[in-house]
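Common to both upcoming complexes is subunit A, partnered first by subunit B, then by subunit C.
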Partner chain A sequence: MPKRSPLYSVQKGAERLAAQMSWFAAQLMLWVFMGMVVFPMLWTIFASFKTSPEIFNDPWGIPDVFQFQNYVTAWTKMNAGTYILNSLIVSAGSLLLIMGLGSMIAYVLARYDFRGNRFFFFFFVSGMMIPGYLAFIPAWFLHRSLGLLDTYWSLIIQYTAFNLPFTVFMLQSFFKTLPKELEEAAVVDGASLFTVFWKIMLPLSKSGLLTVSVFNFLGVWNEFTWVLITISDEKLKTLPLGAVNIMQQAKYATDWGAMFAGFVIILIPTFAVYILFQSKLTEGITVGALK
Partner chain B sequence: MNKREQRMLILTFLLPGLVLYTVFNVYPSLRGILISFYDWSGLSGNMTFVGMKNFATLWREFTDPHDFYNIRLYLAHNLFLIFFGFVTTFLGLVAAAIINEKPWGYQLFRITFFFPNVLAIPATAMLWSLVLNPAFGLVNNVLRSIGLEQFALPWLSLQYQWPLFKIGLYSVGFIVIWGGIGWFMLLFLAAIQNIPHELVEAAVLDGATKVQVFFKITIPLIWETIRTVMVYNIIGALSGFALNYVLFERISQKHADLIMNYFYWQSFKAHNWGYAAAIVVVIFVVTMIFTLVSYKALYRENLQY
Partner chain C sequence: MASVTFRNVYKRFGDVIAVNNLNIEVGDKEFLVLVGPSGCGKTTALRCLAGLEEISEGEILIGDRVVNDVPPKDRDIAMVFQSYALYPHLSVYDNMAFGLKLRKVPKEEIKRRVYEAADILGIRDLLDRKPRQLSGGQRQRVAVGRAIVREPKVFLFDEPLSNLDAKLRVAMRAEISKLHQRLQTTFIYVTHDQTEAMTMATRIAVINKGILQQLDTPQNLYDKPNNLFVAGFIGSPAMNFFPGKLRKQDGKLLVDTGDFAVTIPPSRAQPYEAHVGKDIIFGIRPENVHDVDFTPPNIDAERVTVKVDVTELMGNEIFLYLVSGRNTFVARVDPRSKLRIGQEAQVAFDMDNFHIFDAATEQAIR
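What follows is the complex of A and B.
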């Protein structure tokens, strides 16, 4: 037992106080950062209902009259509606193709032992190490010679090609965990191998499929560089490219209210998906982190 | 019979994806490397093999002492963003450690911190171009209303010089932190929650403070995750493009371009396809070297628990 100085209890008390203070400071830091995320968004939402002079002269106040006109301008004149529709079409098409092809490949690689299985697995997964920008120039020329530039297909096909490696990698590990007995029992009962896949294996891995889908959806929904180089037709642009247009148009017309409204319109779908599938995202990241 | 059905299934399941992936991903990637050895204006006949000429030109540009606005400057911008990536890593780690203690509202922190990561980069750029607007932006409004008028700066300007770079690039660095903390925090949180409780409890019984636990136990035990995140930073910072493009494309005059912005300009604007292909090959090689070196340099003896 070390000898305690007479000041021991005072010293301990001071230490405890310091610990409490630093714990308070630590929590305060989190609140500050939360403010940095939430406050700009709230401010933007309020400003989206103001006229341009109000935005300059009364940055804090609640708008006198709620200017829904800003939303009308952003939706029709600045094409936000078209961009959202395009993003929906491209995301749905890409997601269908990525998940369809990806789950078929992953299923075969996970459940069947055949010559070349390991080779194909590495062939697909190695794509995760190769950055997309290496392929940009040749892929663009390929799409041009196939007449795909300025069509939805150029986006859907390329997004599928870019996202297959990750999808195969994730789904393969999901399919591996499913029990073999179910499959065997079904085959004994006379089910075809396709039926086993479609009616038994896919429903069993619903949760894994959903997790991978959420990641792919966000990746496709937010993709910017490929759509920038392949789509020049205003009627086919997706939301990320449209955002740039809205910014430039609003600046040119100095219609700031419409720019704020445009941002809110862009924010809403992402926010909805995030709130609905937030737990899936966390789950996917956690699984990925521990792998 | 069963064997044949199996072979048919493997073939029909594998083939469509394999073809699409090979034609639209593997083949263009390899061809991208090939093109870097050619002079090519884009018309199919005009492709001439020039060996290492594109790379030699790049090297000359990189080492030219009289040319300031060139690939050397863009690479410096990228390195500057790697620095901000490391700051993000540290802040994400601290946030994860605090949230792991389950303070009041910790679920709310997790959800809000991660949200910026799922926003499209152009949307993020749009938000911050409004918030940082010198005239009506939120930041300058706050500064003016608390009497710090002199700090209400033109945050996205590329004229206003700060140490080393223009102020706009610092703002990009800040947005990188803002948009990246949440993801790193979730990765670190998963790793921290994997540390056995007994270890931390034993240390606390021995009188360790929370700060000591953080530096002496948490960081060493999740070092592998930290190392991986550092590598993500390097890969991300060297391939950065969209944020700078959206914020500065029209006004940049090369003051804020990253190396990928230069690639975009050389390829899809100036149509120097061979030269642009060489640029991405160099980015790829530099990324690989940086990744390997940092992965080696950050190696620590694996701690068992």
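What follows is the complex of A and C.
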């Protein structure tokens, strides 16, 4: 056995202590972060079951009596049926366009070497650096000139344009990780370029596509400002605007409980999507890193 | 079934010439192996034939048809990739049927062909599995099966065995040879492993730095290598080389390496007369260097004094790593040999089996 210095055990002890400390620090950080995420959510959910006075008198407590009436009020005042339908139409339409266009653009940029490939890639990616609000005013005028204001299209087109950069950026790097031989094998097998894309590359990218879709869905589902400035027709408004309705309808006597209930109603689909695809989602996020 | 012709084919990637004026005629039903060190251009040549790379110059023919501008799917070829390239999301059956479905072959016919190929390869019970549920050897079979069902004119193999372990590789080697017998189709096979080339090919094309070095039957390549590269590449352990000069002494022709000199038998001296005084490289294969105690009768043996550096017992033979002055070389001797490490000894060069190359051009002198 090799001779150890007398300081060996002290050294070992110090190392162990350092390891324990860093484990403890990591745990602490995770707990704090979890609190930051979970607490506001729980607070919203609790508040949605309280009466307005209760919210102000006992903001942190658990509701005395669970006010399910809040949800009924929210649903009717928010005009939830119509708004959910609108939100679904807009989200589905946007997602279809974003993912359809995004995957094709990303595939071509990832796989085909042509003049201008880099240019187009950076062109799309630079879109991520433009703050959305900055573009709203000119975009609004553009939509007005095109006669799109107060239509589903104004939302769908705008959301597509805004989410394409991120989508292309993510999917391009995802497609790059897929082995080239698969495409070549398919080409030798007799597949056209579109068949290769449709039958081989897309099914293989399922987890990546799903991840990006969920992110896009969250963004589109919750989007507020653009709907606010382009849609004035009650029949076309989406859920986030509906929540505002609760506040506006009552003017100075806002039904806070109902409003929180409205928020929870908006949150439910987001939750559902996340829980449904959670395992796929984490797989999609790590797949690029670990290959 | 078809012949394949490379006619003055060049493939350049920028300034790099990957395939340099390749001329090969592969006969119908032939099993041609392209062999060479990694990066020599053999895979590029195969990919050009498959249509996965465009050639820079020249012509490639399949049968009588020039296929330079024909897309891969219309070349009537099937290819087995080094990584197998099985579609991970499809079952074994669907992997094999993929190409046929795209070609709109009737369902019944697809089923018949897939089952037949699966029977040939012994993978009938794997048809419902996904590629990730298969072992390396099974994946390999599926990759071959996917090629078979297409019933192509030409089969292309790109180092299909290099991801398998040694034992499986030997078994699959025999199976691919059998498959060639059975299908009676043109096979073009790329490998860096000269043993694979020697055991399977009807003819071998040795390629180095994009240039075809020699195209011949395995036995001819082994017995009559055209140049130093082929001589060193084909055969394991590799041929021993000794730089030296040709010298005339008392009417006899000698190879003088500086450390030892061996006499060339008069019956074989004639081609070398013109090279007397010039720099040459003398080559002799390990099996033509014998322990003097076990020298076969009736050979022209020349004795050389050596020191034994390392011995490797193989059971049926012994590899001796020998030193003579500046030269180190290998002998493949009788297992009864008593030579041991560190020993000074004499070995016998079989002067009926040697090669001499011009040191400047590296071409064989014959």
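Simple rule for what comes next: the second predicted complex is superposed on the first by the 183 of 291 C-alpha atoms of A that agree within 3 Å, B and C clash if a C-alpha of one lies under 4 Å from a C-alpha of the other, contacts with A are read in each partner's own complex, and residues count from 1 in each chain.
Simple rule for what comes next: a contact is a pair of C-beta atoms (placed from the backbone, for glycine too) under 8 Å apart; a residue touches a chain by one contact, two chains touch by 3 or more.
Note that the coordinates shown come from a computational prediction; the quantities given were computed from them, not determined experimentally.
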- prompt: In the superposed arrangement, which partner chain does A:Trp60 touch: subunit B (first), subunit C (second), both, or neither?
  reply: first
Field: Partner touching more residues of subunit A, whether subunit B or subunit C
entry: B
Message: Once chain A of both complexes is superposed, is A:Trp256 in touch with subunit B (first), subunit C (second), both, or neither?
response: first
Message: Which partner chains sit in contact with A:Glu184 here, subunit B, subunit C, both or neither? Use first/second/both/neither.
response: second
Message: Tell me the contact category for A:Thr195 with respect to subunit B and subunit C: first, second, both or neither.
response: second
- prompt: Which subunit A residues are contacted by subunit C in one complex and by subunit B in the other?
  reply: 187, 192
Message: Applying the document's contact rule, which stretches of subunit C touch subunit A when the two form their complex?
response: 50-52, 71-73, 77-79, 81-83, 85-89, 98-99, 102-103, 146, 150
Field: In the complex, subunit A residues that touch subunit B
entry: 19, 22-23, 26-27, 29-30, 33-34, 36-41, 43-44, 47, 55-56, 59-60, 101-102, 104-105, 107-108, 112, 114, 120, 123-124, 127, 130-131, 133-142, 157-158, 160-162, 164-165, 168, 187, 192-194, 197, 218, 221-222, 224-225, 228-229, 239-241, 243-244, 246-248, 256, 259-260, 262-263, 266-267, 270-271, 273-274, 278, 281-282, 285-286, 288-290
- prompt: subunit C touches which residues of subunit A in the complex?
  reply: 179, 181-182, 184-192, 195, 199-200, 203-204, 206
- line: Residue positions on subunit B within touch of subunit A in the complex are 2, 5-7, 9-10, 13-14, 16-18, 20-21, 23-29, 31-33, 35, 42, 94-95, 98-99, 103-104, 108-116, 118-123, 125-131, 135-136, 138, 141, 145, 178, 181, 183, 186-187, 190-191, 194, 209-211, 225, 235, 239, 241-242, 245-246, 250, 260, 263-264, 267-268, 273, 276-277, 280-281, 283-284, 287
